[in-house]
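I have a structure here, written as structure tokens, and I will follow up with some questions on it.
In order of appearance the chains are A, B, C and D, and numbering begins at 1 in each one.
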Amino acid sequence: MYGSGMLKAFGVTLQNFLRKPSTVQYPEERLQQHPRFRGQEFTWYEERCTGCASCAKYCPLGIIKIVTDPSGGDYQDGGSYRIDQFDIDQARCMYCGICVEACPYDALHMGTRFEAATYSREDLVITIDDLRARPKHPSAWFRPQLAKEGFDPFTEIADWREVGRETYFWHPKRPEMVPEDLAQKASSDGDYDKSQDND
Amino acid sequence: MGEALAENIVYRHVYEFILSVFGSELAWLAYAIATFSVVLLVVNVLMLLATFYTWAERRLLGRFTNRLGPNRAGPFGLLQALADAVKLLTKEDIVPRSADRWVFNIAPIVMLGSVLMAMGVIPLGEKTFLADLNIGLLYLVAVSGLGSIAVLMAGYASANKFSTFGAMRAAAVLISYEIPLVMSLLSITILAGSMSLIEVVNSQTIPFLLVTPLAAFIFLTAMSAELNRSPFDITEGESEIVAGYLTEYSGMKFGTFMLAEFAALMVAGAVFAVLFLQGWKWAILPSHIWMLLKVGLFALLATWVRSTLPRLRPDQILTFAWKFLFPLSLINVIALSVQRLLLADEFGNLQQQDMWLMVVSNWILMVVAVPVLIKITNRKSGIPFGESAKFHVGKGV
Amino acid sequence: MSLHTEPVVVNIGPHHPSTHGVFRMRVTFDGENVQDVEPVIGYLHRGTEKLAEERQYSQVITLTDRLDYVASMTNNQAYVLSCEKLIDIEVPDRGKYLRTIAAELQRVASHLVGVGFFLAELGGFGGTALMYCFRERERILDMFEMLCGARITVSFMRIGGVFQDAPEEFWPALRKFLDEMPGYADELNKLIFESEIVQARTKNVSVISADQAIDASLTGPILRASGVPWDIRAAQPYDAYDQVKFDVITAQGGDNFDRFWVRMLEVEQSLKIIEQCYRDIRSGPVRSTTSLLFRPSPGEAYVPIEAPKGELGFYLVSDGSIAPYRCKIRSPSFISLTLFKEMLVGWKLADIIVSLGSLDFNMGEVDR
Amino acid sequence: MPNLYQEVIFWALFAITVFSALLVVGQRDMFRSALALIVTFLAIAGIFAQMNAEFLAVAQVLIYVGAVSVLVIFAVMFTKDMPHSTRSTNLQPVSIVVVGLLFIALSWAIFQSQWNEMPAELPVFVESTLVDSSSQLGTAIIRDYVMAFETVGVLLLAAVVGALALVRDK
């Protein structure tokens, strides 16, 4: 019958009228983020950072500025520079996370927040003092050790000892998950390499 | 006109109060103030309904689209309309440099005025009306035509090509849909034997929606075209011509247009209730409540249609009016005339059993006439009606 | 008998509610009939190709996210495939499957956006179909967030695989999506494609014939809607597409309706592909190289893929340094605009918008 | 029962009518001329309403304001350089003479007519008009003069069909 298509369309809208709204009331309710969420507020562990500036080197936009001072510390094998300046210009950051991926010492983590509205662009530059002072909510992005421990970056604050170390070559050694293996996966934790942990 | 107003309870009380205070030599003042207060009351009821409906429509659309809709200002977002008004009032009032400033400024007033004038003859409840014009139906059509003049004014004066497109489309739609609209009102006149809205309500022993479903269908279609509602909202077609004649308007001028549009929808709902749903009449509840509920039903229907149907192309809309709706309304008028001729008694009145007979015959007529007419129109032009839902999809490789 | 009238030139865009970004058309109207159309592009030009030539190979991945920002995954995929050909490395099986799943999810998301705007362009209330489509797209984006921590600018793929394996909560979410999506697709069919008004508006409008489409080197759903069964996933399989079975959808009309309808049917096929990948994926590594920095030997590579909008490929030339010497992007959206004038002349103002939507282009990709 | 208010309203409507009619010819902008024409129509409708000819008033608004003026605006939209299109031509003196003659003729006709005699012939009809003019009109059109009415209808239909035949694409 002609018009039946339109009637069906009316049925669809009515059906959705009776369905629960798919939106949430933002400031009061929030959608659950995944621990891997790459957000603002980089989490930085100064104790672990050697000042190698890999992050600055790999940043596609060149927005990380690191000034180090070799005079103070022992910068020979295994040592670290004294870091004078560590600025991340968040206004130009695109949160690709390559700086985190490049960090060989797991010192830099993505943050988990996403509300950083300010009134001026200067406020968006994260300085070393900000990085030191900020609560540590490291994202599990490229830090599988956090995901493995079931760390919840949205409520917990992680100490630098707690976030652990993961070798850069963890990928091949990872026990792989297929849907059937999920239950098995839960019990087979802890076989990643912690030998290079230098904390 | 004055006699009908004198029955009004507000009018009587105000009139008597002023007479008692100032004495009978100031009767003209009492007359003026009492009339003014009644008009003010009716106008404010309409404006209040319209502002309320801006909120209600957004909430309903929200639910239809699986959202919540505005719910921040006040409880359930009820003060949203107020917040909108405050926002619009504080906006900068921009008039384009090459605009015809005088016409540009006066257009929203004409638009709102035409809607308010229509309110003059509509009964809002038992014995609640400003005037019982014996040509009420014609008056409604005549006054609603003024709104289109306002649209033309706005479209021309904005000196914007999108506005001009919107205005020309509005004029085309007005000319085309006025005829089916008047035809459907004519069929009501045939049934009720009067053009007075009060008489129409009184003569509805059975809702005319049942007696003449075709007229109701034509009325709804033509009215949604006149009101620029989906699927005939080409005048404002926001995806094509930005906002049509509203493109250059800002601030409270824009707000006035929107208010007029929503008020027009309320008026249309009231007219629909009066013509097809027995107006204020029903059981138990007070008449004003029934009227409100019926207007609300119409508004809900309008919102549902808006959320579901896309827009037709202008040429399809005109084809639909001239090649489908117009013949259909003619058929309806002829059928009703014949029925009345056959069924009315020697005084020209219709009894209730005659009405039931008409109900049956008119529903049969609708079920037969609409598909046949669709077939004919489809064969002749093929424009307004696509093929029914059949997909031809081939699979490759 | 005719009245002498003057044509009107209207600038539609760059700021217009439905020009899909900052796209501008100079349209000459005779009344409401289109006499001439001239597309004006370049309002979103960001010099991506030149930016890419200034950056290391691994850094360019983040730039590709921003090309077609409703289908970032496939952009990543096209770029890393070209890089992998350039440095000649093999991707582990699990990486291939994960890429295929991600790319097909992205195709569903992209087509949902395209189809969702369809009703809005036709003039329905701007939120109905769009909200329903975005509600489902939201679930895909949630899955992307599980995969890679971002929703739009994913940067999920890496040269030699994907950056990381999927977390365990990804698989139940995918299962749920696969189970529920066909129902929602059916709902969209009822709301949009079965409606008589939609069919009256779009059938036989702006027809592109098969010859025209081939001559203009159109690809993707636009080409298939004209009846040409060309799909790079089937013709030159990459990643895991040689492991899955699916149908190449074609329609015969080549009109606005068919272009959208092909997209809707492709959603179904994508779900089929994801279903097979979900069934077949096995344990194993997801990434073969671990270095962010490498110097390919001088040479060139081009790997086309079937992006949601058509053939997408990155032509990379290496001079042995850490950055590409030349990075030419063959973007489907740009080429879709080739037949713009032929499609629109003779139709009405209201059809312009729908035809524009039926091309489903994305200004980020057109201007690059 | 002409009282003060009715006098005031009548003279106001009269002034509006004359003033807007002058505006129609005096405006440089043709669109504004058309709008002034609408105001004229409305004011005349007001005068009709005041004379208790409600049907006539509403018909005036419906046909002239709602339909004719929209067509006028349509036609005006086709003119080039609309805001400055009304210019005085060298026919102005001639037109002034013609208008003057017409005015004299009308005035003569008005003053010569024996107005006082007319109600004496139709007292009953005038009284009933005051009560319900629209039903009287309806009866007159549909019962008494139905033949003429239908003839006019057929004539108009023929005109519409003819117009369609003229503009139809061959």
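Going forward, a residue touches a chain if its C-beta (ideal position, glycine included) is under 8 Å from a C-beta of that chain, and two chains touch if they have at least 3 such contacts.
In this text the structure is predicted, and so the values were computed from the model without any measurement.
Most remote chain with respect to chain A, judged by CA-atom centres, is D. Between A-B and A-C, more C-beta contact pairs join the chains of A-C. Computed from the mean C-alpha positions, the centre of chain A lies at a distance of 78 Å from the centre of chain D.
Chain A and chain B have centres, each the mean of its CA atoms, that are 56 Å apart.
For the pair chain C and chain D, the distance between mean C-alpha positions equals 62 Å. In whole angstrom, the spacing between the mean C-alpha positions of chain A and chain C is 28. Residues of chain C found to touch two or more other chains are 128, 131-132, 135, 191, 194-197, 199. Residue numbers of chain B whose C-beta contacts span two or more other chains: 64-67, 307-309, 385, 388-389.
Chain contacts: chain D has no residue touching two or more partner chains.
Within the complex formed with chain B, the residues of chain C that make contact are 8, 10, 16-18, 32, 119-128, 130-132, 135, 191, 193-201, 203, 224, 227-231, 234-235, 247-253, 261-262, 265, 348-353.
Of all residues in chain B, only 62-68, 71, 304, 307-309, 371, 374, 385, 388-389 touch chain A in the complex they form.
Chain D contributes residues 5, 29, 31-32, 35, 38, 54-55, 58-59, 61-62, 65-67, 69-71, 73-74, 77, 83, 132, 134-135 to its touches with chain B in the complex. For chain B in complex with chain C, the residues that touch the partner chain are 61, 64-67, 161-162, 165, 230-231, 233-234, 237-242, 306-316, 383-389, 391-397. For chain A in complex with chain B, the residues that touch the partner chain are 1-2, 4-6, 9-10, 12-14, 16-17, 19, 21-23, 25.
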